[in-house]
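Shown next, in structure tokens, is the structure this report addresses.
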Amino acid sequence: MASNIKKIALLTGGGDCPGLNAVIRAVTRTAILKYGYEVVGYKFGYRGLYNNDLIPLDLDKVSGIEHRGGTILYSSNKDNLFDYQVEENGKIVKKDVSDVGVENLKKEGIDVLVVIGGDGTLTSARDFSRKGVKVIGVPKTIDNDLAATDVTFGFNTAIEVATDALDRLHTTAESHHRVMLLEVMGRNAGWIALHSGLAGSADVILLPEIPYDINKIAEKIKDREKSGKLFSIIVVAEGAKSKDGEVVVSKIVEDSPDPIRLGGIANKLAFDLEKIVKDHEIRSTVLGHVQRGGNTSTYDRVLSTRYGVAAADLIHDENFGNMVCLKGNEISYVKLENVIGHNKNVDPNGELVRTARSIGISFGD
Amino acid sequence: MASNIKKIALLTGGGDCPGLNAVIRAVTRTAILKYGYEVVGYKFGYRGLYNNDLIPLDLDKVSGIEHRGGTILYSSNKDNLFDYQVEENGKIVKKDVSDVGVENLKKEGIDVLVVIGGDGTLTSARDFSRKGVKVIGVPKTIDNDLAATDVTFGFNTAIEVATDALDRLHTTAESHHRVMLLEVMGRNAGWIALHSGLAGSADVILLPEIPYDINKIAEKIKDREKSGKLFSIIVVAEGAKSKDGEVVVSKIVEDSPDPIRLGGIANKLAFDLEKIVKDHEIRSTVLGHVQRGGNTSTYDRVLSTRYGVAAADLIHDENFGNMVCLKGNEISYVKLENVIGHNKNVDPNGELVRTARSIGISFGD
Amino acid sequence: MASNIKKIALLTGGGDCPGLNAVIRAVTRTAILKYGYEVVGYKFGYRGLYNNDLIPLDLDKVSGIEHRGGTILYSSNKDNLFDYQVEENGKIVKKDVSDVGVENLKKEGIDVLVVIGGDGTLTSARDFSRKGVKVIGVPKTIDNDLAATDVTFGFNTAIEVATDALDRLHTTAESHHRVMLLEVMGRNAGWIALHSGLAGSADVILLPEIPYDINKIAEKIKDREKSGKLFSIIVVAEGAKSKDGEVVVSKIVEDSPDPIRLGGIANKLAFDLEKIVKDHEIRSTVLGHVQRGGNTSTYDRVLSTRYGVAAADLIHDENFGNMVCLKGNEISYVKLENVIGHNKNVDPNGELVRTARSIGISFGD
Amino acid sequence: MASNIKKIALLTGGGDCPGLNAVIRAVTRTAILKYGYEVVGYKFGYRGLYNNDLIPLDLDKVSGIEHRGGTILYSSNKDNLFDYQVEENGKIVKKDVSDVGVENLKKEGIDVLVVIGGDGTLTSARDFSRKGVKVIGVPKTIDNDLAATDVTFGFNTAIEVATDALDRLHTTAESHHRVMLLEVMGRNAGWIALHSGLAGSADVILLPEIPYDINKIAEKIKDREKSGKLFSIIVVAEGAKSKDGEVVVSKIVEDSPDPIRLGGIANKLAFDLEKIVKDHEIRSTVLGHVQRGGNTSTYDRVLSTRYGVAAADLIHDENFGNMVCLKGNEISYVKLENVIGHNKNVDPNGELVRTARSIGISFGD
């Protein structure tokens, strides 16, 4: 049976993530080599779809990009064509311009749109699917907090970067008998903090899912002291919360539009802890965007490549409206309709948290 | 209910593997902190059990070892107490000395033996279990070829090392228009070659599971040439076989006791390929033991820690004769009786091989 | 001629630095293997000398430490026995307790004291030398700002960590068309910022030695925009200063005892730049202590080992009161009397700055 | 004064080396941004000059290449236009075709040729200079054995790769009480073996400059055994020679055109050592081309950039016939006439070898 598909388009949306280029490469190579499709890429996610800003993707274009972080298609964080900011009569208004996107696809003769992105980007993918566009989704979140798939690419690279930082902080902490805090990504889900804390021999891990009591952290530090360990390592997710619900960064950055950037919970926590744990120097580091760029880990390259090939296969099978996913060790897919809004948080009573507690890690609770 | 367990012993057997120390640390910490057991370690695997050569393991002893490759308990490759080489009346004979091991455990008051090892080591673990010893197994194989568990620690570190080598070979290959071969571990199973080949943008992957035809490899090189790619990267598992069953290293190393070491399939293949593909320089590298040592990857540290805690929990639950394992994302366990002799090979028609073929990778078949 | 030296002591002072352990190992091995000395180490720098808190150093003790950051002798930042904080009659007072140190050396039969440290630590070394103690100095500063030696260990490791961070930030910056700031160490000297900026393809480098004008930075960003480069990378030394002498972190952290920690110049600069460069997102990362720990680079291990052996050789030659140093490619030594107070800053008109300007890097001036 | 220079060409010759791209980038950016020259690059070294096979180099072309190993201009190993292999009347003959190169430069209006290469490539550069071509040389040798400069780029990256391999072998050697051999590059000069051996805590280092006696190596292994160290690490340069001048690989590879590739001295040495040191397993690894590719180290990026800018500055100063070099910490230049044929070998009595001996490293002599 001859396929009805002739031409497909890719776009990447949301924050960048190691593995995006490996997905782009795998979709493109499979589409061209295995199925003979023409492939193009929209630049800057949906904004490119709106502006019909696209580039052809061929074997040369995707050569040598598998290991590179970032996305050769660029990305934008907030562009939603169903609620898009446009200028109208000299005023900035928000309106649904998704029809423009649909028209552009038609105009270019694009049969299928492959959307690589997180929750927000995939919501639009679902909405385009509802409008009749043939869509395939590929999940992307460095925080690994999408419920519809077991693992997302980028996460493994992020925990390697965070663990490497913890390894480095260890030798300094030990030499100076210091308490070192490392703030890692994770506004809503603490997976990066939990995994890197387990791998990096942290003594305390603070997660959004397990509110902490600063006095319990101080207790842990003192307990270690009593057992002859005069240093401690604390990993804190950027979204970690104290039990009394204190908004930790409020006072310091009151005139800032983005409290996380000027300060960071790790800095505030170091400041507060030092008042309680008086005989230790306390130092903090905010890893920030270093966690989401650079060389893609081996694990993430393999996973991204599998996702990309699976996406192209779904196109060939004309099985649209789905997102590829990993279930256990198996690549599978799930309806986009069932993906949105289902986040995966660390289970405070789950195996990983119990594992951490078993080897003596405190969650400050 | 008070536990009957007071004292446990650990041993590591077989080739070393990144993650062994993380398992030792996790078992020891959980045993001491959570369950209050006394912990000792036998040195050099079963040989230490035979000689009753043991050291106490406490929190200090396992401090700072999570990230380090190797094993603080040392290991030996071939010692099987059920068929052990001993001197008797001036002659070297093989006999079953497992009773000595059982006696030593009794003498030391050791209630449970935790055995960390691969197929051979776990076979003995099962046999000790059959003799009434309370045994817990932890799977170890850098080749990831144990059927009873989805992933073994050490494998992720090995593919990172192999992929890093491929990344390095790429720039040289490209600059000089060379064909570069990299020989990686995998005598019976090609998982390391397959994963690192996928991650390292290999053009050809040669596995024990898919016999190759050297002319097909040459064809692939020439096809790439035609499309303007004047270099090629080949990953070859040390156990890769040609279709005509040729024992590839025979002539070169006929007077050697260990053909793999003097030569290596990659060297022979480079030699033979150069005769066919005349206009390319061909170079080979045999990674060897570099793949199994050094810093343990983040993924392997987390997995090893989960295994170690799970082993200690099985002891507490008095659930003996089992091996911990990973099923999908879940830690579980399986009867040692069902573990032995079930290897997991690359499926020539499985998803991973199809993924590789989809993006244009040849298996030389 | 029989040597008069029988026993030597080592101590490490000031902030830790990759390479300290390699120096300790090299001094100890040379002293024992080549010269037959007994070796001990004072813990926590001069504080250990005051408290006579020492440990024997033998071949086992220094085995396997060459690559590890930190110091097995621990360190303290501020202890100066010539102006030491003690309790007297219930009050905290500062007094010269250096005689206690001299007495302790005598009591232990220590003939020579090897002091590994920076400006402050070496000042005390000189002062002990003036009091008749046989002293050898080994220079340590991660900032590479000691005039008496061409290169100090730890610096190469620090610039590798900073450059790796820049590499990671690049892919994110490029994908999102962002401006990324990375704050690196360097309160008084900008060597780390300058070298990592050169190696990490920075667009702007801000140093303590070249005051910047924020409008010039904005100009550079806009110039790049015009040439089609919609992202920029800025490296900023923690001691960078604006031309109008603004104390950049003042307002944000007025109630903090340590302005650098809560905030950081990169955070403030990002905040201010965003007001000027309106159409770019600007993100900042403060690398902090991640730069001074962890695995020691190859270069630093070799340099540290050379320093350590040279220090032991100076002892054998009874050539005291000197500090080992590197001049060009040669290991040499210099009088401790001539070391103190001579810092080495980046020359705003020197070859390295001109090199950076030649390839288009702006210093914001 | 207006410069007479309008257009320059670059070429890279000989084996590739991390840093080549950083040189190309620095020359190109400086030439364009600072001096306004037009820049082109010949592909495949002198072969491209002969075939007039060139590409324009602009800012875009050299963007994002600083960290990448290899050379975007490609390289060839053996093409010498003064003794070039051509077909004439159906026969392959060697003849001087350098005039073709000179003509091509004229035809393209190229005023200056920048030649980046090692001894052979620079010899031709000198010879073109003698023919009146305006030439600037940039030294390249991964072995660091050019006498005319203190350090060449690529060397630092190579010793980092070799040291990382040694670190990995250590944990395996220690766990199994093995002797591990690592063969590194260095046919004539042992700098890579010496530096990586010092940094990687080797027990024995074998260099071309210090012939070894296999019995002395065995002795060292046994001495370590007596002191409780049951493993040993040996680094061997590919050009290491035994005292009796044995051509170590002869028997094994008698039918091979390239003895080094099939076998390697490390493999042969392991084979021979095992006969003498009977109670140890001995394993060998040949690092090969992994040492010369991949990500360029921070040190090498800075050095390459300095060389590139200095080369462009020499052009502007119309100071031709020179090669840029590093003397101590200073960038300088030297007449090409004085460069050729002056190699720099490890001094068996120099400071580095004495340093190694002082900490107990054996050279097998």
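Note that the chains take the letters A, B, C and D in the order they are written out, and that residue 1 is the start of every chain.
In this section, a residue touches a chain if its C-beta (ideal position, glycine included) is under 8 Å from a C-beta of that chain, and two chains touch if they have at least 3 such contacts.
Note that the structure is a prediction, hence the values are computed from the model and not measured.
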{"item": "Most widely separated chain from chain A, with each centre as the mean of CA atoms", "value": "D"}
{"item": "Separation of chain C from chain D, taking each centre as the mean of its C-alpha atoms, in whole Å", "value": "31"}
{"item": "Intercentroid distance (Cα basis), chain C paired with chain A, Å", "value": "35"}
{"item": "Chain B and chain C: spacing of chain centres that average the CA atoms, whole Å", "value": "41"}
{"item": "Chain A, residues touching no fewer than two other chains", "value": "167, 170, 295"}
{"item": "Topology of the chain contact graph, where touching chains are joined (line, ring, star, complete, other)", "value": "ring"}
{"item": "Chain A residues within the chain B interface of the complex", "value": "25-26, 29-30, 33-34, 59, 64, 66-67, 150-151, 156, 159-160, 163, 167, 170, 195-196, 198-201, 227, 297-299, 301-302, 305-306, 308-310, 312-313, 327-331, 351-352, 354-355, 358-360"}
{"item": "Residues of chain D defined as touching chain B within the complex", "value": "15-16, 18, 20, 68-71, 74-77, 161, 164-165, 167-177, 180, 251-253, 256, 261-263, 267-268, 270-271, 283-295"}
